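Going by the order they are written in, the chains are A, B, C and D; count residues from 1 in each one.
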Amino acid sequence: MAADADKSAGAQRLAEAVAAGMYARDHAARALGIGLVAVGPGFAKMAMTVRADMVNGHDICHGGMVFTLADTAFAYACNSHNRVTVAQNCAITFIAAARRGDVLTATAEERHRTARTGLCDITVSDQAGKLIAVFRGHSQEIKGEVVPGAGDG
Amino acid sequence: MAADADKSAGAQRLAEAVAAGMYARDHAARALGIGLVAVGPGFAKMAMTVRADMVNGHDICHGGMVFTLADTAFAYACNSHNRVTVAQNCAITFIAAARRGDVLTATAEERHRTARTGLCDITVSDQAGKLIAVFRGHSQEIKGEVVPGAGDG
Amino acid sequence: MAADADKSAGAQRLAEAVAAGMYARDHAARALGIGLVAVGPGFAKMAMTVRADMVNGHDICHGGMVFTLADTAFAYACNSHNRVTVAQNCAITFIAAARRGDVLTATAEERHRTARTGLCDITVSDQAGKLIAVFRGHSQEIKGEVVPGAGDG
Amino acid sequence: MAADADKSAGAQRLAEAVAAGMYARDHAARALGIGLVAVGPGFAKMAMTVRADMVNGHDICHGGMVFTLADTAFAYACNSHNRVTVAQNCAITFIAAARRGDVLTATAEERHRTARTGLCDITVSDQAGKLIAVFRGHSQEIKGEVVPGAGDG
């Protein structure tokens, strides 16, 4: 039990180190104001406020921005074990429109993981908890560590 | 034949009018530097240069930006008949990484369309013609015209 | 509260009546030995034993048979409100192989539903609870009732 | 050029040998009456007649049967290089209903292939050439040859 707790604490520390390393280099996420809310092994929660430059003329958030938020959470969740992992294919279903000023939160949870592939489910909700989109991502592990020398989970 | 040609020319003019109307209000597409290359009935081609604020620390374009380009071409293709149409669900497969400075072109072609739903296939290639991603979008027609009074196709 | 309970009991009775009506006509499901385990409003659980004529030479269940089981549960869940509803597009991820003799259970739960479209998540597990596949289905409501005159939910 | 022609002829012979080897063990395909029409490197065409035990009470073909036909063509196309390859995730869009007695043909073409993953597009049409469904499959290569010792393509 103590060993399990150690392992679990180690996996959490690793996930946090990986996320910090990724975020420092993640120009795209920062340019969109995507913030890291929480991360853990196989888990990430990220938030983004819908800005004027993310909407069309009806103040409806561009679907690509909703996807980008979800895809970012996906990337942090599936790289949290410090194995370099890339998105292979992703599907998104748009449930409700998000509007300018809405604060969207994407929650990514790994459903399954093998040595080479992973499956992650992401939901995007607004500040009222309303479901905006669901996203399912398939990842592929490639060679290397995200944070070299930090170990793996 | 003359009637067919008239109808076809009318559909082309309508697609161009709709695209112009959409683009004028499309803050998100313009903020990302997405340009409209060509449009027609059930067709759109759009281009985007991968900027420094679209990449991660390895100068690899964020998947969300590739999606956003493809999704934009999808929107212009499926709205080209002047019936307000929204994305319902979309799937993207990432084939090769795009890098900073690459000029990506998304080509959207409608595969099928009923009174209420549509299916569109989009490919994203770089300036050398290399395939970057494929995208399949399902749309839903809702009430109204994109450009009120311009008719429909 | 009593009214809510009545409504809920009515929705459950309707789901059961619709399922019985569908199953009586469902030659394909019965030919594959797919049985209805449980049904409710926006919910269905169905089971199938992997037979010799569902496998390849390695006794691995054909992916199409796993899909068919999941798709059947999807149909019963999204028609449970007695509005005729058809599958529009579906995606399946294969997690683990099922073998001859395995008893597979598909559990379908509606995630979202509007007047015209629906989203349903289905998981397929074996007799040991091992995850075999996940399936996400998008449905489209068309005109008519499944069981004419039985009302809707 | 002669070398290219030899290589191409060799790839065609290999695809045919692999298909014959797979079909001999493919109880599921044969139980459904799925026949192999043509095969080549990264290509397969298969046909199936919609039988009474493949339909519901309205004589509409079960979506799972349409998927199974497409998935079978997918398997033969992506294994045609004699590297054991399995479906990872697949998406199908249903365009039109098929009816009892219809002869459906699935045509599978590989769009992209790396050492470990592949992407294949499949269309399903009826005897009149009407589009019934489109299917996109992602495959994963695992260790081994389909026909041991026959080489690879």
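Simple rule for what comes next: a residue touches a chain if its C-beta (ideal position, glycine included) is under 8 Å from a C-beta of that chain, and two chains touch if they have at least 3 such contacts.
A quick note: this is a predicted structure, and the numbers were derived from the prediction, not measured.
> Name the chain whose C-alpha centroid is most distant from the C-alpha centroid of subunit A.
When every chain centre is compared against subunit A, the largest gap points to D.
> Sort out for me whether C-D or A-D is joined by the greater number of C-beta contact pairs.
Of A-D and C-D, more C-beta pairs in contact link C-D.
> Measuring centre to centre with CA averages, how many angstrom lie between subunit B and subunit D?
So the centroids are 30 Å from each other.
> Please work out the Cα centroid separation of subunit A and subunit D, and write it as a whole number of Å.
Distance between chain centres, rounded to whole Å: 35 Å.
> Using mean CA coordinates as chain centres, what's the subunit C-subunit D distance in Å?
One centre to the other, that is 25 Å.
> Among the residues of subunit D, which are close enough to touch at least two other chains?
Residue numbers touching two or more other chains: 88-89, 91, 93, 138.
> Once bound in the complex, which stretches of subunit C touch subunit A?
Touching subunit A: residues 91, 93, 95, 111-112, 119, 131, 134, 136, 138 of subunit C.
> Could you pull out which subunit D residues touch subunit A in their complex?
88-89, 91, 116-117, 138, 140
> Going by the contact rule at the top, pick out the subunit B residues touching subunit A in the complex.
Listed in rising order, the residues of subunit B that touch subunit A are 22, 24-29, 31, 52-58, 61-65, 67-69, 71-72, 75, 86-94.
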